[in-house]
Amino acid sequence: MKFYEYMAKDVLRRHGIPIPPGRLATTPEEAEAAAREIGPVAVKAQVLVGGRGKAGGIKLAETPEEARRAAEAILGMDLKGYIVEKVYCEGKLDIDKELYLGITVDAGAKRPLVIASASGGMDIEEVPEKAIVRMHVPVPWGLSPYMGRQLARRLGLTGSLAGQFADILMRLWTVFRSYDAELVEINPLAIVGERIIAADARLNVDDDALYRHPDLPRVSEATELEKKVRELGLAFVQLDGDIGIMANGAGINMATLDAVKHFGGEPMNFLDAGGGSAAEPTAQALELLVEKGPKAILINIFGGITRCDEVAKAIIRVKEEKGIPMPLVVRLVGTNEEQGRAMLREHGIEAFRSMAEAARKVVELARGGANG
Amino acid sequence: MAILIDEKTKVLVQGITGKQGRFHTQQMLAFGTRIVAGTGPGREGEEVEGVPVYDTVEAAVERHGANASVLFVPAPFAKDAAFEAIAAGLSPVVIIAEHVPLHDAMEIMAFAREKNAVVIGPNTYGLCTPGSRCKMGIPPNTVFSPGPVGVVARSGTLSYEIVQSLSAAGLGQTTVVGMGGDRVVGVSFVDILKRFEKDPETRAVVLVGEIGGTAEEEAAEFIKQMTKPVVAYIAGRSAPPGKRMGHAGAIIERGRGTFESKVKALREGGAQVASMPWEVPDLVKQALG
Amino acid sequence: MKFYEYMAKDVLRRHGIPIPPGRLATTPEEAEAAAREIGPVAVKAQVLVGGRGKAGGIKLAETPEEARRAAEAILGMDLKGYIVEKVYCEGKLDIDKELYLGITVDAGAKRPLVIASASGGMDIEEVPEKAIVRMHVPVPWGLSPYMGRQLARRLGLTGSLAGQFADILMRLWTVFRSYDAELVEINPLAIVGERIIAADARLNVDDDALYRHPDLPRVSEATELEKKVRELGLAFVQLDGDIGIMANGAGINMATLDAVKHFGGEPMNFLDAGGGSAAEPTAQALELLVEKGPKAILINIFGGITRCDEVAKAIIRVKEEKGIPMPLVVRLVGTNEEQGRAMLREHGIEAFRSMAEAARKVVELARGGANG
Amino acid sequence: MAILIDEKTKVLVQGITGKQGRFHTQQMLAFGTRIVAGTGPGREGEEVEGVPVYDTVEAAVERHGANASVLFVPAPFAKDAAFEAIAAGLSPVVIIAEHVPLHDAMEIMAFAREKNAVVIGPNTYGLCTPGSRCKMGIPPNTVFSPGPVGVVARSGTLSYEIVQSLSAAGLGQTTVVGMGGDRVVGVSFVDILKRFEKDPETRAVVLVGEIGGTAEEEAAEFIKQMTKPVVAYIAGRSAPPGKRMGHAGAIIERGRGTFESKVKALREGGAQVASMPWEVPDLVKQALG
């Protein structure tokens, strides 16, 4: 779960990390009032996608009037598909130097990783490798204050700035650990005269650990469909094509997308009905898919524990109860697979044993639909 | 021979009294797995499918000499159950649960490293050594057959798909290992490749990867030193960056973990890379000569 | 720092460990009111010394009137040198079985140690070894819930009681760790029907970690002199004899006591002026010692870093400014030792090089004083 | 030879810019200790007694190859400083500070165990190998002389007392180690006795113990297997139970750690036990024959 900048900053502030003064606004008037209180501000779109600066989601305002106009321009803006509903008005900083500081998880090392750079302000991806300093955090010991001093030294910080940096890192670690974070990032971490201030902040909390944090605000960037699918315990990702895809398992789902593309088709989505391939989730997932109105649908089920005839029965039920207006191709293997495929064919549903054949067929049908 | 588990493996099922634990205990027993005991706190004295249940792992180890464990406990309790198994000296410890918190996973792996335990998962289907009739986990019993091919994969159903196609082509398996789909998991491709390289029965290895992370790239480095042929398939060629494809690890983030980078690395490492999963058996046959 | 029972219980309660209802009382009237509210109570003297039950510091009261009389009897009582100022009136439990549960530090293993027994209610010292279950807690991992289940099973607890025990242990661990405790103990941990309740509680916090716990109440069992000495950074322990002792270092202090005793004397105290043996603390410690009025005083200084002539000067200053009415024997070795001893002798203070001779001499002088 | 430190030891002084650090750096240098660097956060570039100061241990190790450290940092910062030294691979790590929190001490020792570092202290005067002119810590320079006797003690001034009496009797020392007076400390009597037993230069060992804990009893068990003579003195014969005699460890609690138990165990282990500290040199002389 990603936090909006203003939420992440609030977390940092409560953990003693210096941030600029700022106020959230949902109307131009609120933005104006905020600027009146704070002085010159940056008016920043609160969205969960990156690159908002380049997309026009951040405007500087010297006066309250300018802040109002900036908020007018930004509120309601469509940033990469997300409508801006809130802006954060934050006191402008007279930045001398921008650092980068983040803590994430290094999957390969199975440990948290601190990443820092004296070249902050841009995406860490764009910083040259030799300007990046990395430090693994031992589990379960966690970060020790001396590590912050080491990092500060490697970044070339001295004296009071080194001390402030080390202090901020320890506090950031506390945030990372106590919020079950996947990522916590300050970019830029701004040097303003003799002080270090967190000028921007990201905080992504591990979804799987949210149950331990009942007090955290719930932030969702999911579409309504994605939410619905998630409630069913399924995983859905919207893509750009026109062939609806469903499979039971994340890996086989990706492989199915790849196969459809291999034969020249364009998948509309990723939809994982779960590795268990129980009949019920399959039916529910299919209903959702039908609602999205693809040109054709491919269901790829590898029946492991659940029997294929049960899955076939569920598909047939959806077809009879709700109707499936577009062509449907089913690939079905596993226990009682022949029985299952025979049942489907009886109900006019194309059923295959081979994944390749099923993928080729659905592409053909989608093209036919495009031509018809 | 084979890797990690065999006919001498005395399996403990943690969380045996739950619905999933009960069902898969029955499935594992049907496969031939030597399950010696189960745990279910507060349920000591009961039996599940004829398997005695204890309150603690310690008790199950004392009474039955269990030496490996498969966990059917819900994600919030996985860390404690894994610690209990690791502290008791069991290995491998197979964690089936999805949605284990990331920080818990890191702690489990650190504790396992300290105690020299092999952890498989979380979010894995487990592993299987068909020749020993030993299965720890949830894959369907029907897909496996004994033979000379080692299989290691990140994802479940895609594994079954490929393993079944191998079996259908007469290519049986020494051991099939699911590493799990989470970001932080126990054994890595490299860990398993090392074992397959040493295992005298394994004559070829199939690696089933997917986009995200750098595990396949690390595997490619190791494959350079291997004497045995490796055939790989990578899922997710058509997945867009920034979208998590079901698995916590399956996401192209900040330009890392792309399909292209993985395929390039594997080819440079000397692996044969299949474009589509159904091409795997033929490539393995060619590799075996 | 030891907590009074009522404070320790309050800590347990706030950490979710079940305790009986209870109220603190400083007057018989308050005790009566407490019993009126709670029902039959145990009226328990709040002192920091053990064995209060045997010494008459706990009385049962069926009625408010009885509670008043019990409090009257206990308040003001002298329990091993401590005057009872507070009683804790606690609801009587109908105990089926008493367990023992404690967490302490195993110095040899350098780890926390959980100690439990199905034979609680008495001093754990008196429980036969085979009835005691021990479990080390790994550092830095800490206690895991499964350890509680293991302990419960080893104690023969089953079903709900095992679960409650494991839960209480996890909570007790949290107390131990988060309070920097040296010892936390529930004895007895009472089984009352189907419930487990902490019937008594001890909590000793590491003095050296108190700075991390500014919110904790400060409890002191020290005498006024001990407090004064502690403020000076010295360590003082009152003993039963009549020879005042002072040395610079804990080990040499003990050795000096042993030496005095070896020659037939009785030390009045232990007084560590610090291993640094600076002149100032030596003088301050000496002043305190003189105030206590021993029959004779032995100062044993091994001058390491500090010069012996400085120490001698400090002693002489005390003698001249405050006066030292009793015989004083000084043993002085180290840098400039001869100079130091000569200065002392000039001022009529017996000075030795040998610890043995100094100890023999002070015993002789104290006896002489007793005879004179 | 000797144990733990010798002329090859390149000493780092953590907290060198503080009053105590500065003073004892001068004393250690005067003794002959090879101090290569110091640390003082924010003080990099300064010098103390000619010793260069760095912000971090890492930097001091990189520049000067320091391989052992003595800490003059206040108790609240001792854990972090010790972790820094241990993580950098330094050993021994000598912690002088008194009043280090007990839970911090346990963590330091666990981290040291993980990294195979030797920790001495906290609340120790340190250690000294007179033959190599190497002293790490705060004992007075004047008491030591080179020779064949290994000394290990819990307390400071009592050590100096006994070491000086040995020196005065012509019995020089291989190495003198102060374990520290706290409840939880790094090296134990047994750790040091093992090293003395192996050290070819050490011909006899003096153990200076005190009441409280069971370290002396554990030492007694080990002494049974030693080939070298051990002379012991235990302070605190006249200390009453329940009263902490200055040192955190020096308390007879719940009947454990009594003078009698220690003396009995040591005698049974084969050690000669002196009644009074001044008897030690004669017993050592007899032991050396």
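We call the chains A, B, C and D, going by the order they appear; numbering starts again at 1 in every chain.
The criterion applied here is as follows: contacts are C-beta pairs under 8 Å (C-beta built on N, C-alpha and C of every residue); 3 or more make two chains touch, one makes a residue touch a chain.
Computed from a predicted structure; not experimentally measured.
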With subunit C set aside and all else fixed, contact clusters read one piece
Both subunit A and subunit C are touched by which chains?
B, D
Applying the document's contact definition, name the chain pair with more C-beta pairs in contact, A-D or A-B.
A-B
Most widely separated chain from subunit B, with each centre as the mean of CA atoms
C
Round to the nearest whole Å and give the separation of the Cα centres of subunit A and subunit D.
55
Whole-Å gap separating subunit C and subunit D, where each centre is the average of the chain's CA atoms:
27
Distance in whole angstrom between the CA centres of subunit B and subunit D is 50
Considering subunit B alone, which of its residues make contact with at least two other chains?
111
Could you tell me which residues belong to subunit C and also touch two or more other chains?
140-141
Answer with line, ring, star, complete or other to describe the graph linking chains that touch.
other
Judged by the touch rule stated earlier, which pairs of chains are there in contact?
A-B, A-C, A-D, B-C, C-D
What residues of subunit A sit close enough to touch subunit D in their complex?
141, 144-146, 149-150, 152-153, 158-160, 162-163
Residues of subunit D defined as touching subunit C within the complex
23, 27, 75-76, 99-107, 109-111, 125, 138-140, 142-143, 153-161, 164, 181, 183-184, 188, 208, 210-211, 213-215, 218, 233, 235-240, 243-250, 254-255, 275-278
Using the touch definition from the top, list the residues of subunit B that touch subunit C in their complex.
41-42, 44, 55-59, 80-81, 83-84, 87, 111
As the complex stands, subunit C meets subunit D at residues 105, 107-108, 110-112, 123-125, 138-140, 177, 180, 182, 206-209, 211-212, 235, 237, 239, 247-255, 257-262, 267, 270, 272, 275, 277, 302-305, 333-335, 354-356
Given the complex, residues on subunit C that touch subunit A span 140-141
